[in-house]
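Think of it as A, B, C and D in the order they're written, each chain with its own count starting at 1.
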Amino acid sequence: MNRIPVGVLGATGTVGQRFVQLLAEHPWFEVAVVTGSDRTVGRPYGEGVNWLMPGRVPARTAELIVQPTDTDLDLPGNPPVVFSALPTGEAKEWEPRFAAAGYAVVTNTSVFRMNPTVPLLIPEINPDHTCLIPTQRAENNWPGFIVASPNCSTTSAILPLKVFQEAFGVEAAMITTLQAISGAGYPGVSSMDIYDNVVPYIGGEDEKLENEPTKLLGDVRDGRMIRAGIAVSAQANRVPVVDGHLASVSVRLGRRATPDEAIAALRDWRPPAICAQLPSSPQELLIYRDEPDRPQPRRDRDAGDGLAWTVGKVRACPVLDVRYVALTHNTLRGAASGALLNAELLAVQGYIGN
Amino acid sequence: MNRIPVGVLGATGTVGQRFVQLLAEHPWFEVAVVTGSDRTVGRPYGEGVNWLMPGRVPARTAELIVQPTDTDLDLPGNPPVVFSALPTGEAKEWEPRFAAAGYAVVTNTSVFRMNPTVPLLIPEINPDHTCLIPTQRAENNWPGFIVASPNCSTTSAILPLKVFQEAFGVEAAMITTLQAISGAGYPGVSSMDIYDNVVPYIGGEDEKLENEPTKLLGDVRDGRMIRAGIAVSAQANRVPVVDGHLASVSVRLGRRATPDEAIAALRDWRPPAICAQLPSSPQELLIYRDEPDRPQPRRDRDAGDGLAWTVGKVRACPVLDVRYVALTHNTLRGAASGALLNAELLAVQGYIGN
Amino acid sequence: MNRIPVGVLGATGTVGQRFVQLLAEHPWFEVAVVTGSDRTVGRPYGEGVNWLMPGRVPARTAELIVQPTDTDLDLPGNPPVVFSALPTGEAKEWEPRFAAAGYAVVTNTSVFRMNPTVPLLIPEINPDHTCLIPTQRAENNWPGFIVASPNCSTTSAILPLKVFQEAFGVEAAMITTLQAISGAGYPGVSSMDIYDNVVPYIGGEDEKLENEPTKLLGDVRDGRMIRAGIAVSAQANRVPVVDGHLASVSVRLGRRATPDEAIAALRDWRPPAICAQLPSSPQELLIYRDEPDRPQPRRDRDAGDGLAWTVGKVRACPVLDVRYVALTHNTLRGAASGALLNAELLAVQGYIGN
Amino acid sequence: MNRIPVGVLGATGTVGQRFVQLLAEHPWFEVAVVTGSDRTVGRPYGEGVNWLMPGRVPARTAELIVQPTDTDLDLPGNPPVVFSALPTGEAKEWEPRFAAAGYAVVTNTSVFRMNPTVPLLIPEINPDHTCLIPTQRAENNWPGFIVASPNCSTTSAILPLKVFQEAFGVEAAMITTLQAISGAGYPGVSSMDIYDNVVPYIGGEDEKLENEPTKLLGDVRDGRMIRAGIAVSAQANRVPVVDGHLASVSVRLGRRATPDEAIAALRDWRPPAICAQLPSSPQELLIYRDEPDRPQPRRDRDAGDGLAWTVGKVRACPVLDVRYVALTHNTLRGAASGALLNAELLAVQGYIGN
């Protein structure tokens, strides 16, 4: 079976490396092109990259010559598919150019997430939002398109909100996150800032946490994005943990529910049927744990190969209605694997592939 | 000037050691008696203790022979004063016996904190609550009495709530804490549980956080405790930090206030006048920092010799009214130093000393 | 193909849990019996165990009823095979009893490691030492036998010593280890002892490091153990790392060798041919890395599924002859997986199985 | 009493900040001039600096306007005194220029440490090495001069070597260090490199550890430096500890000594008499601890206000003669405080001041 050749834009950064690592074993996609910074262009990827992932650079990708980030990539496909792990400034410039040049851009960057015609996607939550793609193409007069995945902190908190929205309605959420250092990339957080310490600030993160859920939980009607009317208050904290974002959330529901009803809703919830066709979507997507001290980053981040949500501590909230704690792996579900799932969804829905 | 001789109950544990360390340099008190477990009774304190504080055992205390915990201590004073750092089970048994035997019991334990006639004290917040002492004595027919200090997590969150209560009224608070490992004593938290990890659970802590503020911010009228009508929702997390509890708090105020008004209230607030007489109360009690990334445990815990609150990040809350982040040193302000301040207050108010 | 049923003694502790986890997916062995402490005896393993491994208790083992540790286990086999993860005191008592009762005891404990007739085994280093088994049986009049695996710290340092011994001879070694907290089990090291700290002491570890290499690198002649004449000086340190022991070693060689010759010896070395038959032995057993800052625990411990040695920094030593740094995963190669490999070796050599 | 006005070159970096903090409370010196990078020149120090020390910028220094680093500082004194915390490249350029312009340059940088006429000083170890200053002046035709302090890792290991050299002679030393992250400055070590990890490499550190002791323990005869004939083999490791470098050392002595004799030598050793006149030199300079698990960074780094050596674990070495473990605070004794002590020595010896 032929795999779909894809490009990775910004392949030498940490998110780009993660794409390369994950794609090396992907059943549907294979890396055919990598782009990188001036420093690395023209060199074999295996030599140019400062590989920070476990193990070695995948052999086939290691031999690819790093290309400059430009829209004339030698990449087949209709449309050709690129994963974007570009730095923010470059993403802003290049992602629209790639869409204008006919590429399907599956991005992990934040630049166009809140653009009303760019689907902000988690396949298990809002797979139907891809129906924004025709609107996006029409409005921009693009042969290609952009789809985005949400911020890693938003991701950690979102799935129980989705479940509660379906079951009870959600009016407001108070989110406090405890986020891992890997979320800041490399070199990222100075050890002098985070060792024996907590930093109650991650630039721009509170805003993302307050905005992205309303889009993820919104509706697309007549090709237009209708954001959900949910008030979100967020406080993001950086904690000395390598991987795994934990979100402590309190929710005001549309209609009252007991903790037992909330737990039952979580246990009974099933993702949309289309997810069964996505090879990366884990069998057990939402793991509810009864222990009072779970989820925990080190012990739960790798559940479902880093793609599951682990949820626990559902209980009544004396101020709003119900509280919970949720956790996901920030560089897998919250970043590269999440974007890969988006590409799988696009393939199943026929937006990419043959 | 003669210092008041005091006893330390449970002097060989970590809180007891902290009492011993702090009292060694205290201008008003000096350690005259130490009690300990069977293992250490009869030995010089300096030999029996597994000293975990920085530096060495204070020389004079090191020579004291550890006594069994019993009410026949050879301790002068009217009343004689003991600081209790007993384990919970022993505190439950012995603190009332000491009060019944005529001692002033200044406790750091949790057992009697919510007892309606036991003052739960932070001198800078509710120094007048000591007027519960006569009620306590009368109801129990005790010549002595017990005063308690709050849990270290409650302490970290409370001062801005007090300020806002005075300025605007407080109706509800949502508190998420990030707490240091030293709060669990020694050996306390296993390194395998907390390294590269966060634990969203500390036994009993959420309940303390939800109850104690209503007592600290309540009124005593006619010798009776009237708790404040504040709904509190709490989620305590253990994080890999040695010292310093950080509280992320969102508040529903009695009347609307802008973040600027809230910041002004914090900056303008002054502790009750009596605090100027307490040698341990820091000059600058509430430090408001404008930087978006403060307070931080490692950088702010030692402010005011570990007795100040550092507060920051006051801003509007999209769900309730106003948010803030506050931090205190959990083993100083939140434990031993806090209890010591209570004793200083009792001395100024004439409940102890000559 | 039928798998060999095995028992796990002390299956509820951390090493025992690791055995259970690894055996769940082993091609040759399957867990048929688990023994545990009084607290857990009579309960299904899945309920009695406080599972600390990633993921969930393997389903088939979870249903086994925990047995008391005794030699009347309902375990077929000629001899029946048990893996011992018993606490030291129990190992001392029970391992000889099991051998006397006809069991093959594959132990990870330290008690009989230095016993002259007990093979101290790393299959890739001294597979021929199993020829001590007949001596052991004869001397003790045992139908069964005991084989041991070395301490996790010894393991981390040993493979390059073996290579150098073969290539140049080894006269002396100075070993300084930086050891992970998981080596101390659970709860093991208090977070208050190791956070923002290093402890230059692990009880008994220096002695093990100074003794075990002389046995591993020794010869068996005429059924007798001849220890290697190597002087070892060791200093074990505990560092705040979850998994992975790093050993910094300087060696006096039997004959001079340049660093390049030493590196070539490491790169060219191949394990004994029998190792190709052991399913757990990694394809690339000794990974030499040229980077000046490798090996590193977090980045290299999982090489070869936690069974490879990563070695680096070979250079001339101004005091002895040559220096190197080596790393292994302490709970895999250095403990449970190492013992499992010993059982695989015994099976290939015909000491166990049918 | 008038304090000697001094300048701090590179005052906005982490070492420069430490100088500023320590000098704010120094009995003999006061900061009169601060120099900094282009970004900060012309602004008040308190505004230009990104203050990373505990507490606030000392008030008087905060008001000083940052000057460019140049030799026309408005600084009285004969000679005027500057502390250099310049980056390496700038130190190489500017320190000789300042000496040529008549300044006494007390540097913490590495550039000229091994220059044969620059005293490499620890006052308690080799105060007489300042007699190189006339040679230095003559050779370079400088009215001023440079004195240097050793690398923080060298410092941690050196004092017991000095003691043993005096008592028994020292022929060789094998040094393995476990070094704190603060040694790399700010931002310094990426948290992704050191969290749950150890890095067996610090650029240039092994060479410094192998060279500097031979100079510190050498003699000055006829104005010429004679380095000690000691072979040193070093392996520097970075560990996840905030402050405090630990050195594990094995020594070949000139004449055999038992561990007890070595311990007695350490306990009986006293620093040169001149050290009694240095206000920063701690009363108890060398603290020998009997516990098998000391010294430890977090528990011992602050001994003697961060200026004492804590030493332990003296025992026989099976390969060389005797082993020990030593610890100092790397940013205090090992950096800024050490340089300050050098200035105190120069004042007592009459090289600076009036």
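Convention: a residue touches a chain if its C-beta (ideal position, glycine included) is under 8 Å from a C-beta of that chain, and two chains touch if they have at least 3 such contacts.
Everything numeric in this text was worked out from a predicted model, so none of it was measured.
Taking A-B and B-D together, the chain pair joined by more C-beta contacts is A-B. Chain centres computed from CA atoms place D at the largest separation from subunit A.
With centres defined as mean CA coordinates, subunit C is found 48 Å away from subunit B. Spacing of subunit A relative to subunit B, judged by their CA centroids, is 43 angstrom. Centre-to-centre separation between subunit B and subunit D, using Cα means, comes to 40 Å. Residue numbers of subunit A whose C-beta contacts span two or more other chains: 195-196, 240, 242, 298-299.
Residues of subunit A that touch subunit B in their complex: 172-174, 176, 178, 195-201, 210, 231-233, 235, 237, 239-242, 246, 248, 250, 252, 292-299, 312-313, 317-320, 323, 325.
Note for the complex: subunit D touches subunit B at residues 54-55, 195-196, 242, 298-299, 302-303. The residues of subunit D lying in touch with subunit A in their complex are 52, 181-182, 186-196, 240, 242.
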